[in-house]
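Please find the structures below.
Both of the next two complexes hold chain A, though its partner changes from chain B to chain C.
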Partner chain A sequence: MESSEFEDALDEWFIESLTAYKDLHVYQLEHPTQVIEWTSGKTVCVAGYGSSKNQLLELRLPLKLFAEENKGLCAERDFKLLHGGFSEGPVGCLRHVPASRLIVTNDGQGTDLQVWDLGGDDSDVIRRTGTVKGRESAPQRGSRIAASPSSSPQVLHGAESSSVQLTHLTSGQSLYKLETDTSDPLNSLQFTSDAVFLAGCSNGRIYMADTRVSAAPQMSPPPASSGQSAVWWTDATADPQQASCRVVRLSSSGHAVVSDLRKLGEAVCQAQLDIHCSSDNVTVSWAPRRNYISVSGFSGVVEIYDTCDWRMELRRVRPLFQHRGHEVSCRQADGCDPVCITAHVWHPERPQTLLSTATDGSVHVWDWVEPDSKGPESKSEPSL
Partner chain B sequence: MPEIKVTPLGAGQDVGRSCILVSIGGKNIMLDCGMHMGYNDDRRFPDFSYVTQNGRLTDFLDCVIISHFHLDHCGALPYMSEMVGYDGPIYMTHPTKAICPILLEDFRKITVDKKGETNFFTSQMIKDCMKKVVPLNLHQTVQVDDELEIKAYYAGHVLGAAMVYIKVGSESVVYTGDYNMTPDRHLGAAWIDKCRPDILISESTYATTIRDSKRCRERDFLKKVHESIERGGKVLIPVFALGRAQELCILLETFWERMNLKAPIYFSTGMTEKANHYYKLFITWTNQKIRKTFVQRNMFEFKHIKAFDRSYADNPGPMVVFATPGMLHAGQSLQIFKKWAGNEKNMVIMPGYCVQGTIGHKILNGQRKLEMEGRATLDVKLQVEYMSFSAHADAKGIMQLIRMAEPRNMLLVHGEAAKMEFLKGKIEQEFSIDCYMPANGETVTVKTNPSVPVDMSVNLLKREMALGGPLPDPKKPRSMHGTLIMKESSLKLVSSEQALKELGLNEHQLRFTCRVPLQDPHSDSETLHRIYTHLKSLLKGYTIQHLPDGTVMVESIVVKVSSSAEDANAKILLLSWSYQDEDLGSFLSSVLKKGLPKM
Partner chain C sequence: MTGLKRVFCKNPRLTELVRNGLCRCFHAEHVRLESSGLPIIHHSKYVCELPANHRFPMGKFPRVLHFLLKDQVITEKQVWVPEIASRDLLSCVHTEDYLNKFLSGKTSEQEQRRTGFPWSEGIVSRCRYETGGTVLAAEAALQRGLACSTAGGTHHAFPGYGSGFCLLNDLAVAAKYLKDDCPTKRKILIVDLDVHQGDGTAFIFKEEPAVFTFSVHCGKNFPLRKQESDLDISLEDGLEDEEYLSTVEAYLPWLLQTFRPDLVLYDAGVDPHWEDELGRLRLTDQGH
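Take a look at the complex of A and B:
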């Protein structure tokens, strides 16, 4: 692409963004990150995944985003680097321990976890405070981590369904172990309440268990799908206002299934998303308190779908909104790989605000505008 | 030990004023002389008592260097030169020299005329101060005196902003002033060569931020303008004549063209001529794009932007107006503001910092009722937007600059040390250099390791080469013996003999003798032969000779045997060696003191 053509394409998207977004902030990190984790309503942690030394950063979002009255008088548009630290290896997974200044990381290769103290006002250095040992001896991949919502610092972690355990951070004691018959590699670990959690396996199985009881977990098989060797990702809502918890499962062939947590075997609705390639860094996420699902990791675009449009019959659907900022900013003329989204998160309180990061080190903070009600074109097509 | 001292002037943790003292190679240099914009009393001036407790600064400073025209870098210059007293040279780039006095005069007017302050410099002082200025060109080495030289580099940031390279002998310092590492629509990015200064001094105000992209700031600007125009409102943009105004005009022109908008855009009279004049003069300071544009057409010949007439302010319907001055403190922008402030559909966009006391400053602090001349109050109903377009280097930018210049040490000013430990660690890790962060008023002493180039005589060089070994390699130091002769400003390394010859001195020879008693029943010559055999077996690889004159020579050490008259068995071994053979001589004497092996 000619330099001026590239500039025009960029300008075009920026012109469109005037109406498509309320707020938009674009940043460039020195090194790309695969993780974004909220450490408070205004701060996030990111970390590099290069092969040797990497940086962990705690960043405060721009003040202008949060200014309500007198927003015009606030000119602060930058990320503030609050705390930083160094990790000996890559960071594949990062979780914040609620009501503390601790974070837990995993390098995406082994099962041991590193524990860090983010620090307070007196210093800006993130310090390593300990290690948590994992169960597997020869893992194929890194561990998933979920921080327990309970008041004492505990983390649930493991790379496979047979080796998930709950460890108390201060004592190092193992409080609970998940016992399953088979050893399925995990794509997610998530608490749906204080003690109930879901282990989402990459083969589409979901195990649901309660850390307070030693009973065998409930297992839900993968949804019936045409792609036999598909990889699945899972997310559950954590919405206290919803009557029940909903779970979405997305396959690498684009098949998305929504179920009620109490009846995982049944689909409430489903849809066929337009996905073409496989990826390692897929994120599928419910919007807090809404029926929207966001998907990223297959390209340089973050897509938002409205599940209210989804039916029991499998139909192709189109996204309600697409954030193309990362894709548009990537210089394809340089011969580098097209950019791919590595992670995205919704803001826990602000309903329209998301953060997304990509392989080129870009971080976007965007406040999207709901598109106008459907016009003549419908957002879904006839059943498949 | 050679060292460089750096002291940022100021007190406590206050940021917002730059004035740094550097002592290098016996020279004292003041970098920037800024005013603190937050204070109304003498605290706004730097504390010059660090230079000298009483009186004028001329004898204590070799030069003053100003990086760019922002008031927090040059605002206290007339106070320093005319009220405290300094008559030496003040260095700054040509654009800075042209623009500084305008800003200083504006600033003086606001402070004295509007706020009625008394301890402040006068218009004449500004003029007298500027007479001491020596202008700099980019990349041109200027000799301040025999030993001190300086060179300016492009810093981006604003028109005429420079980073300065300062060298005394083989020690050097680079001061960045304010700079940015990403080019924008009208200025390029900072650039410096691998000059490897002993210290790189940089501001760290933005060191702990990650800057939002230029495009997003521009987007916000366009969005706000568009929203106002769409609802039929009028948009006022108070600007200083140069820099930002051009950039925003180009932005709006492109946007208007793209969106096919019809609302008129104006720039106020007076802006065009001044801006054109300055841009023509300083065309080398802008980036490629502007240069091309300028060559093709007049800076202000836009399709959608026209010259303003004061009567247009009363026209109905939407419009955008760029007007001076930038802080709404007087002139046309204030006039327009007064007319438009009462309508909530209208908007004022402040694209930069406003000095205390100006209307701009008041409305940016949320004031909605303003007291005007003649006790009239003005209700501010229009929308007020504060947008920061200033280009600064953030954490990433600082790392980029260090990579470019390759300094031996890093020094960050105007940051809180506790909040920058991570950055310090990053710099130390990635570049293996020390990073200093002095508090205001604190002096940092950085030890330097200057290399002193010296001429070497051919004889000495040949002798060293004859000793064998690898060719001279700057990365592998070798020690050698010689005599250093310093004549005027030349340094020459010669062999000792040559030095003695040049100085007309005789060489002294030092010879050691040692007497070792030995019991041996043989004759003197037999004993000598025994010694010869013993040493020959012991000291393989050394030249050992048994000479016909009755001595044994080990290299150049002489060994003789004599016996006492009373007792033929009581031998005395006489060893004699010159200073150069001290090591071997001592070794021989200790060997022989142990006696000879039994036959």
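Take a look at the complex of A and C:
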């Protein structure tokens, strides 16, 4: 792309962004990250995934984002580096342990976890404090991690459905082990309450289990899909105000299925998204307290969908909103791969705020403006 | 002037006739003869309704006037009211095609997105009054030495399209009109100290030797695709008062002395201020 064309595109997007976003802040990391994890309402952790030494960083978001009134009076507009450390290897997964200053990481290759202390006001160094051993002896991929919402520091981890366990971080004691008949590679581990969790497998299967009981987990088979050898990603709502928990499964061919946690085998609604993927960094995520889901990892765009528009019949749907900032601002040199989103998360409290990161090292925090109510034209198309 | 004043006091009808005549000489609905104070040009129609949550701070125009009056910086007697800029006036800068589309609501969705405003009759009206305000301010300045408008500075508008919250280029219309409204062409200097480059104005006067465009702006602010003013000073992010003022001081007196303009149009954008959400400079109240 010619320099002037690139500048034109950026200028055009800048003007659009003035009305599309209430706030938008951009930060550039020296090296890209695949992980973003909230460590408080205003701070996040990110970490590199290069082959050798990688930085772990705790960043504070621009204070201006949180100023409800008189935003112009808030001088702090930039991300601020609060704490930093180094990992000997790449970081493929990172979780914050609630009500603590601990994070747990996995390098995406083995199943052992690294435990870190983020430090407090007296230190700006993130220090490695321990290791948690995984169960697999010959893993083919790294572990997924879920931090228990209970008051005691515990993490659920594993690379496959047959090797998930709950480990107490302080004692190293294994508190629970998931027993399944098959070893399905995992794409997600997630607590839906203090003791109940979902293990989302890449083949679309979901296991649901309670760490307090030794009963066999409930298994839900993959959704019926026309896609052969599809890979699936899963997310569950964590909204205590909702009557029941909803689960979304998204395939690499763009088929999205929503189920009720109480009846995982049945679809409540579904949709065909216009995305195709061969990447490992796909994220599908429910918005806190909303019926929106966001997806990324298919391109340089984060897309938000309103599942209220979805029906039992499979239809193509269009996104409610697209964050194109990473794609627009990445200068594509000849022969280089286009930028791709590596991760995104919703703010746990602010309903319109998300963070996203991309392969070029960019980190965006954006407060999007909901488009006006749709006119006569529906966001859905006829059934497939 | 004193004799004329005595006539006004004694003959209200004559006063009205002369006042109307003066309004016709100026592009004004109302001119203030009784005050020798600095003319402040303002119209209540500088504002229009915008969609809910729109970022453009439309309220700033009446608020500027409100605080000038409240703080007794000026009195009501100094406020002149412009007339709406006619299509003829606008056509000295803007293309026929653009005016046709803009005035009748036929700009495309993409064109509207580029400006940051959805089209409405209100937005057309306010932009025309705003342009009329700048023209009147320039006319008043020629007569009185100095005048200000509470709105204006829409320097991203090009002849054929709007951009960046600018739909009509008020500075260009005023400069073009006043340059030619004189037996000998007037020389006009446009001093644009808004944090964004005056790209529209630069483009319009690129080949016009009688109008000198001078823009001091932050290099990394919009627009990234810069036009060529007669003199561009591109500043680094975060520049503060001292360095900013010394930069302006390094060029402006020299420009005034060498170009010797008959009229200076000063775009006094406040967005170099550190509190501005989008501007990347750090001027304080004192620096401004």
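Things to note:
Criterion: the second predicted complex is superposed on the first by the 381 of 384 C-alpha atoms of A that agree within 3 Å, B and C clash if a C-alpha of one lies under 4 Å from a C-alpha of the other, contacts with A are read in each partner's own complex, and residues count from 1 in each chain.
To be clear about the criterion, contacts are C-beta pairs under 8 Å (C-beta built on N, C-alpha and C of every residue); 3 or more make two chains touch, one makes a residue touch a chain.
Every value quoted in this text rests on a predicted model; they were computed, and no experiment measured them.
The superposed arrangement places chain B and chain C in clashing positions on chain A.
Once the two complexes are overlaid on the shared chain, A:P32 sits clear of chain B and of chain C alike. Once the two structures are overlaid, the count of chain A residues touched is higher for B than for its counterpart among chain B and chain C. In the superposition on chain A, A:E16 makes contact with chain C only, while chain B stays out of contact range.
Of the two partner chains, neither chain B nor chain C is touched by A:G142. In the superposition on chain A, A:S123 makes contact with chain B only, not with chain C.
Of the two partner chains placed by the overlay, only chain C lies in contact with A:V369; chain B stays clear of it. In the superposition on chain A, A:L24 contacts chain B only, with no contact to chain C. Contacts of A:G134 after superposition: neither chain B nor chain C is touched. Legend: residue contacts after superposition of the two complexes on their common chain; A:P90 is shown touching neither chain B nor chain C. Taking the listed stretches 1-9, 271-279, 451-459 or 505-513 of chain B in turn, the superposition on chain A shows a clash with chain C for 271-279 alone. Contacts of chain A with chain B, set against its contacts with chain C after fitting on chain A, overlap at residues 10-11, 14-15, 18, 72-73, 75.
Chain A contributes residues 4, 7-8, 10-12, 14-16, 18-19, 22, 71-73, 75, 369, 372 to its touches with chain C in the complex. Those residues of chain A whose C-beta lies close enough to touch chain B in the complex are 10-11, 14-15, 17-18, 24-30, 53, 55, 59, 62, 70, 72-75, 77-86, 122-126, 363. Looking at the complex, you find that chain C touches chain A at residues 51, 53-55, 113-116, 163-165, 222-225, 274-277.
Interface of chain B with chain A (complex): residues 206, 208-213, 215-220, 222-224, 226, 254-255, 258-259, 364-366, 383-388, 394-396, 399, 418-423, 425-426, 429.
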